[in-house]
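Heads up: the structure comes next, in structure tokens.
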Amino acid sequence: MIKAGIIGSTGYAGAELAGLLLGHPEARVVWYGSRSYVGEAYSSIYRNMFRMVDAACLDDNMEELASQADVIFTATPQGLCASLVSDRILGQTKIVDLSADFRIKDVKIYEKWYGLQHKSPQYIAEAVYGLCEVNREDIKKARLVANPGCYTTCSILTLYPLVKEGLVDVSSIIIDAKSGTSGAGRGAKVPNLFCEVNESIKAYGVASHRHTPEIEEQLGYACGEQVVLNFTPHLVPMNRGILATAYASLKGDVSYDQVRAAYEKYYGGEYFIRLLPEEVYPETRWVEGSNFVDINFKIDKRTGRIIAMGALDNLVKGAAGQAVQNMNLMFGLPEDTGLKRVPVFP
Amino acid sequence: MIKAGIIGSTGYAGAELAGLLLGHPEARVVWYGSRSYVGEAYSSIYRNMFRMVDAACLDDNMEELASQADVIFTATPQGLCASLVSDRILGQTKIVDLSADFRIKDVKIYEKWYGLQHKSPQYIAEAVYGLCEVNREDIKKARLVANPGCYTTCSILTLYPLVKEGLVDVSSIIIDAKSGTSGAGRGAKVPNLFCEVNESIKAYGVASHRHTPEIEEQLGYACGEQVVLNFTPHLVPMNRGILATAYASLKGDVSYDQVRAAYEKYYGGEYFIRLLPEEVYPETRWVEGSNFVDINFKIDKRTGRIIAMGALDNLVKGAAGQAVQNMNLMFGLPEDTGLKRVPVFP
Amino acid sequence: MIKAGIIGSTGYAGAELAGLLLGHPEARVVWYGSRSYVGEAYSSIYRNMFRMVDAACLDDNMEELASQADVIFTATPQGLCASLVSDRILGQTKIVDLSADFRIKDVKIYEKWYGLQHKSPQYIAEAVYGLCEVNREDIKKARLVANPGCYTTCSILTLYPLVKEGLVDVSSIIIDAKSGTSGAGRGAKVPNLFCEVNESIKAYGVASHRHTPEIEEQLGYACGEQVVLNFTPHLVPMNRGILATAYASLKGDVSYDQVRAAYEKYYGGEYFIRLLPEEVYPETRWVEGSNFVDINFKIDKRTGRIIAMGALDNLVKGAAGQAVQNMNLMFGLPEDTGLKRVPVFP
Amino acid sequence: MIKAGIIGSTGYAGAELAGLLLGHPEARVVWYGSRSYVGEAYSSIYRNMFRMVDAACLDDNMEELASQADVIFTATPQGLCASLVSDRILGQTKIVDLSADFRIKDVKIYEKWYGLQHKSPQYIAEAVYGLCEVNREDIKKARLVANPGCYTTCSILTLYPLVKEGLVDVSSIIIDAKSGTSGAGRGAKVPNLFCEVNESIKAYGVASHRHTPEIEEQLGYACGEQVVLNFTPHLVPMNRGILATAYASLKGDVSYDQVRAAYEKYYGGEYFIRLLPEEVYPETRWVEGSNFVDINFKIDKRTGRIIAMGALDNLVKGAAGQAVQNMNLMFGLPEDTGLKRVPVFP
């Protein structure tokens, strides 16, 4: 039985992780960390887990936690994991970091986009980017996994085969993404109040959202050249779900079958990636509560562009689910252990 | 492995049942019945189950189905189950009927409130009312279970200890209930369009809703006298969830501790019923996607009334989850098999 | 042209007032008060009024404001208006107070339910309770009007004819009310975040909500005896709207026509109260954005009770619209001036 | 007083038109046409207008209507207006057609994208495309106005100055649009049920939506060359509102000030177009219920692209409001008559 600790367990991603681990047959949570709620019953913060979790919240003493846990999940604001990690901790336990601290290999890019000084750049090189379907073998051997962002997981998986196979002009990529509101976190802010979000849609972080360099870096690895693209996130009045609508110019006259074959090549054997039938496009309602990513594309002959779309649950495949998937890989378990939930609809 | 058939598998309750049985370790679905979609891939109707269910929809030939299945769930409009059931079928298989056909013992009351002639009143007597926490022992021996309605499950469980223990004047009971829109079904009707339901709340079936006599009958059994009460359902702009707010006059000066003890007496050992801490009241968000019923109460000394509240997921404990709970009981399985899902929040 | 000042103009009710006064042909706002946003452009807080309002927010200097305005609206937390009002101010200007400070005639009841010491009880007696349809003549002569609460406006108007005409046993009254989330205000609190409110319904303030004594007092005036009742508010995932579902025992065998006649007697000539056709019940979607209250009732012969229902927009008839209606009366204008907006649907 | 007839008055756009005309000081509706509800009280279909409209629904006898009305609005499915219009009718009355019948000058393109044979192509040439801010002078003289589509109004106005001034490479234009559900109409279809739309987002009509050629044609007029672009609409779980996020490559190193100047040049004097302050982007909540279009842009130096965004209410500026604006122009009234509603928020 894997003993897991969660730092930041009272955010939405942390709570999703707690819920997933409750149903995981090979893991149990030994530490519900939450700086804001130390000493309070976890189930008084998340009443959905009333009578399922008896523990009270603990602080974020990572040294102590490392001595008790086989794996630590850090579902915390940027900078915290980097400031706490040490050789001693990494010698005792594995870490899956749900923040952005170890996702970007070039520390200057991290520091520029996040406006932070990185506190432990020495671990960036060894950290494995935890996009399971792409980096599976490296993850199995990792002791520090950088769990990808929600938008980035969706965006990269949607575009990966196209970029990897050289089917599109990477300088033409535009990603227009839409997210449910849980992505904004549980902080008490006026713009996230019900009446402010409900009955509205808006773009935010236009040409400046922090997930941009993460997507660019990973797609750059796929094609072997630098990628610079547009990424525009939008806030949608729903709790969960991300839909990425990506546009790119095809290199020449590529057929539906060629593109389909590219997607099948990379995803044909993947359990959590569902390539939809032709002319059926992803909708977030069909993945809600699950670790699935639904993907499809449409070629527009008129413009020579491909429109590729992906949908996932931002709290599951976009955060906690993928973190568990990474844990499974790191501990040699079947990758889908504890993750076979049927999407909840309606 | 229990072989299960679902008639009416493409309604919302039927689909929830399909999803629950997919995750059930001791059962599998052998028949996805759906008169409207015969021959179509089930997962083309419910794309959340894409790649999880390969079957196509079948008709509602119950004779044939009975020869293949150990248990049949009928998630169909009123009257259908009563018109199809027969000695032969009941000799071959068990039935959990999610419609109202066998819930009400007095066929005249059924026919009056539902405006239908009952096609097989001879089975009413043997049918067991499948409210697991109340009729557990009878359910274990039943071959025909009448699965309770969503509003009725919530209303009865909220009031049962009060009525059973004689703490309230049953002639004073008023139940004001609120339901998510999945309770209205998947039929294409203008009043259930997004724009009609969203940003609105309304009462409906005022003093005439069909769940009224069902609640009255069951509470009548609890107290041993006839119960006549007010029940008013309301439509809420959300997908799932029922909240029942029930009012009743206390018989004399009853204390918080006395009432709490009554609830503990009946529910203290129940897994699926969660009595909340004092001053914490049920909210549907905390039970969504689970088989839990959250219950609590408040005594108002000023008026001498008690306000008892219960919340559940109308598609789970209010329909498919309770149906599976009944199946578990009928087949001698642990009652919570396949039903320990953590509520989904947010 | 009436010069109006708003203290608390950046709350939801204050902003609705600002919007209504923008469209009012006989009034204009000369003071957008907002302690939190002094100096900021009003339209940077409420961008719906971008280019419609040029003013910046001012403080809550009521002395200064009184010298500039013909009427002051205080859309502020409880206690503020009472702490600022003075003979000098009331000698210069009229006040419509949207807080609860002057609604309750018995200062002890106010202080008990609100947990505040009243700072200017000497003005309670002269303050007129601004329920226009009931106290119209007194309002015309008032210099200080206590604008009713949102739940109370809906509850009182729904029950008034029944209580006034002695058709119901007032000791049997139970009001189960449901409100959109704008009623909770614009404060940054976790329970009001989108993800916490969406997809959920809950009761709150059970047997303790502050609108209870206000309803009791006003219904007490109507029937001439003390009224003690149950009032339970619920939070609904929608922006606007209140639905009150009220239950009471009829005194004897009262017919539909008798009750209808009672409602017609009091509301037959009222523009803003719409008695719906028989068997058509109020829905908040039909009044959204307007100053209407839609009302109807159903007699349940089985229980001897009447179920009376009312719906209004909590920000309009429940707050800002009624405030303008009061202003119109106080200044001798036609009561519906600036208030004839068609309800917005969908 | 302008006498107006509405054919298709019981769809969402028709009802918005009815509501706007109720508040219009110079017009009144003399004919509420609705094939589906002939003889039924209009206010029994749209209860928001209860007691505001007494009329019953009439059929779509356009000949008869033309003899009674000064202007006819056709808010009907594609093809109907084209099949009814005649010289005789156009000799008696003006027409504002809210369908697509007269929007596209090349009848072959219309017939291809709409899959219909055009029944009166002889009127296409004289029909004026009713985008008021662009074609104002022609509209004033028109007897037949083709009221633009909701997505097209938003998309064209968002991009017009960029295209007109030659600031962008028109072959690079991609429009990713998001719409509330009222755009899907009031037909009873499963995909538009509350539970299907709520908590989900999806693209639809990918590379095939009918508004595409309309946008292309109008932008083509602006720049004097053929425009072929990508347009992808998405369905958002909200009642009203469209947000268009448009991407295009800038021609060379264009500055913020140059682009701003271009927008000011065309929209600086427009009442209904609000150019937002730098770094403030359109959100549909700020225009709901009004005839405003909020527009802004961001230059991304990294990619050399501009992201231009526009938001409007699809039922107002995207349909009924613009129709009234057209009527005002056609009858020599101030363009904003009856259209100065403050956006409803929250």
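As written, the chain order gives the labels A, B, C and D, with residue 1 at the start of each chain.
In the analysis below, a contact is a pair of C-beta atoms (placed from the backbone, for glycine too) under 8 Å apart; a residue touches a chain by one contact, two chains touch by 3 or more.
All values reported here derive from a predicted model rather than from experimental measurement.
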| item | value |
| --- | --- |
| Mutual neighbours - chains that touch chain A and chain B alike | C, D |
| Longest centre-to-centre distance from chain C, chain (CA-based) | A |
| Same or different contact residues where chain D meets its copy chain C, judged by the half mark | same |
| Geometric centre distance via CA averages, chain D-chain A, whole Å | 38 |
| Distance from chain D to chain C - Cα centre to Cα centre, in angstrom | 37 |
| Rounded Å distance between chain B and chain D, as computed from the means of their C-alpha atoms | 46 |
| For chain A, residues that touch 2 or more chains besides their own | 12, 182, 195-196, 198-199, 237-240, 283, 285, 288, 346 |
| Interface residues, chain A side, partner chain B - complex | 12, 15, 19, 22-23, 46-52, 182, 199, 239-240, 274, 276, 280, 283, 285-290, 294, 340-346 |
| Touch list for chain D against partner chain B, complex | 12, 181-182, 186, 188-190, 192-199, 237-239 |
| Contacting residues of chain A [partner chain D, same complex] | 174, 176, 178, 180, 195-196, 198-204, 206-207, 228-230, 232, 234, 236-241, 243, 245, 247, 281-285, 288, 298-300, 302-303, 305, 307, 309, 311, 346 |
